[in-house]
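Next up: some structures, all given as structure tokens.
There are two complexes below, and they share chain A, which is joined by chain B in the first and by chain C in the second.
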Partner chain A sequence: MSDNPTAGVNREDLRALIAEELELPTEEVTDEANLRTDLAVDSLTAMEVAVQLEKKYRIKIDEEEIKSLTTLATIHQLVSAKLETAR
Partner chain B sequence: MFVPLEGSWALIFGVSSGMGKETARALAEAGCNVIGVHFDLAEGQQRAEQYAKTLGGLGVEAHFFNRNIAAPRARAELVPVIRDLTSGVGPRVVLHSVAYGTLTSLLPAQDGQEEEAPEVTRQQLTMTVDVMGHSLVYWIQDLVKEALLPRGAKVFAMTSAGGTRVLSGYAPVSAAKATLESHVRNLAVELAPRGVAVNAIRAGTTITPALAKIPGNEKLIAHCQGINPGGRLTRAEDVAEAIVALSVSDSSWLTGNVIGVDGGEALVV
Partner chain C sequence: MVTVSTGELAVVGMGVVGPGISGPADALAPAGAAAPGWFRAQVALPGRGYRRLPDACKYLLAASRLAVGDAGDRLTQTERDHRGAAVAINNTGAALLEAMDRTIMREGAAEMSPSSSPFIAMSSFASRLSMEHDITGFNLTVNSPVTAGLEALQIAARAVAAARARAVLVGAVEEALSPSQSRAPALGSSPQSSAVGSPLCSSALGSSLSSAPGTEVGAAVLHCEPAVGGCARYGTCRARGAFLAPGVAARDAPAVLGPLVGDDPPGRIDAVLDDSAVGTAAARWLDRLTGTCEVVIVPAPAQAGCLTPLQRVVGLFAQEHTAPTRRAVLAASAQGTLAYAELTVTPRGGSSLEPCAPRVAAEGGK
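Then we have the complex of A and B:
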């Protein structure tokens, strides 16, 4: 195990997960693409992403936090932070 | 003729909350096995799993699935599961009790109005009507295709007074309910030759997690409490009991209706 707090969250894995849920090619899910405004993600699809994140990383996401799932970068941050506090 | 529900199966969309949850219990108490679909974050999912165990404790089988019912892949995945669990017979009761939509107005709120509501977007409107309205059609299509909607089956869809009346901040859901009621009528006619009944249940104002999300729900609750001729709000149990009562008949003649289960609330102004 690495000491790097984000070691558990590979950005490319995350990108692949999001792309699969959004049914988009991975290259469209850039680090900074805004899910809602650039990738046309509605609240239901955001919820799907959240449920998959919970399953894959064994974390719990609050309903309120779904709104903060705006870009791959912020999602990476959120998942990393949750895994970190879970240690 | 009345046919006991014992040993038959119910397919419930929206089983983790409100009317779907309560109807699952009432059906299970009548000996009906339950296939429940819900869509919750981890915490809600844990509660739902616990609830499935509680139903199992009533001596029936209860299988819950955490899926977005509006996603085609959820149907592709679950229809074979439904076939296996029901031994190829299909569910005798189908309940669509899905509350997932955008609560807002069609136009932006005017200055000075107490409740802030941004105007609805195309995406929100489409999503809400798809999830709370059209999804019923897609599931029925797949069940019929796979011969999993037997003669005598009953399909129920939860609607509300807001489907025909105007409630502040409810517009997208109102459109979904109007759509749902229309689908109920058309499905009733199209399924009549197969002996399957389809009805919408229009519950009165009921305190559920979905109601809690409607802007201004406190005012609505107080108003309905005041006008309901029965002197109280509707309870999820009232709806559950009505659905069980309507499900035990094998007649398909009661079909295509919007049935009020509200103590007469919608009749008084």
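Then we have the complex of A and C:
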């Protein structure tokens, strides 16, 4: 994926990555499930998610942006935008 | 010589995790080798949030779960502000810190795992324990070489005596040193291993002999309460400490160890000693108790951690007796710190332990 940013971000890949980080079955990571309130993600785990996103997609996520990692949908949006900018 | 003593604890529950150990009854057995996969974290700690923790933290949490479960619901029946934790560590984070250093040097600080980074602070092991059990009364980490586990008992006793806590998890946790950190020769191979070679040891060698040097691995946790009003399911315990200056250890041993052990020694003393001047002096002083009590010398490797002494406490409490039985554990470090825990083991028949009555509402609930 990161070798070809123009291919976009596969939402299911992203779902699998987040599910792995949160130690949850992928089906629990729905598009709109709120990481903090629905999936009990604390700030440390959110940072882990951010680190793994950075590694997989070779992007940089600022500390302030970690707060915006609220749902799969918003994460998808953020990662896609960053990859688009990097083109 | 000054000997510091504190109040008395009731031991309600116990948990121990280590290679080849399946429960408190195994805690006196020779330590098994820490073969890869000996600890099954997913079995010991089912659920989310544990995977990225350092292994040592997992040992501690697993042992604490066992201890808290063993004690029934008494911890959750205690107000969170009256719950405390005293955790002993020595080598627990050493290999982890080395790995973190390596990551920083080779890849940069940004590559450090957010989950393991907090463990740069050695108090994080006890902090995580407190998070696990919603402990908000107090949380202390003790680092004294070898003696820290028994000193944690002493701290807990002082806290309950001051009514600062009504339930304290007292733990010790250790992790193996990395190959570059482990500099100890094979146990007993040192020409100066006089403690190991003392007449006492030849008939009563303890667990560490079969361990690789510097490889204390695992955790032990005791759920303790005030002796008065608590549930002495396993028994009661007092701990005290003293200091024996290494330079004059042989000369001062009687003056220091005499008051520490007291005039009425228990039926058995397990002494965790290395081959330092302090350990040797302690072993020779204990020799005089032959005929009065059984002395079991547990040789400690040069880089010993603090787990073995507390593990001996667990093992002695787990033994069955038909009458109240007095036991003790003595630990000494090469630096001169001495710690002594006096146990009175509650009698019980068969292998079953009586459960404690639930705490009454007036004692506080969550």
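Keep in mind that, in the parts below, the second predicted complex is superposed on the first by the 80 of 87 C-alpha atoms of A that agree within 3 Å, B and C clash if a C-alpha of one lies under 4 Å from a C-alpha of the other, contacts with A are read in each partner's own complex, and residues count from 1 in each chain.
Keep this in mind: a contact is a pair of C-beta atoms (placed from the backbone, for glycine too) under 8 Å apart; a residue touches a chain by one contact, two chains touch by 3 or more.
Not measured: the values here are computed from a predicted model.
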>> Touch test for A:Asp38: chain B only (first), chain C only (second), both, or neither?
In response: neither
> Counting only touches as set out at the top, which of chain B and chain C does A:Val51 meet: first, second, both, neither?
Replying inline: both
>> Just to be sure I read the superposition right, which of the two partners does A:Ile61 touch: chain B = first, chain C = second, or both, or neither?
In response: first
> Does chain B (first) or chain C (second) touch A:Leu24, or do both, or does neither?
Replying inline: second
>> Between chain C and chain B, which one touches more residues of chain A when both complexes sit on the common chain A?
In response: B
> Which chain A residues are contacted by chain C in one complex and by chain B in the other?
Replying inline: 40, 44, 47-48, 51
>> Please output the residues of chain B touching chain A within their complex, sorted ascending.
In response: 39-43, 66, 68, 70-71, 100, 102, 123-124, 127, 131
>> Under the stated contact criterion, what part of chain C meets chain A in this complex?
In response: 48-49, 51-52, 113-115, 118
> Can you list the chain A residues touching chain C in their complex?
Replying inline: 22-24, 40, 44-45, 47-48, 51
> Any idea which chain A residues touch chain B in the complex?
Replying inline: 40, 42-44, 47-48, 50-51, 54, 59-63
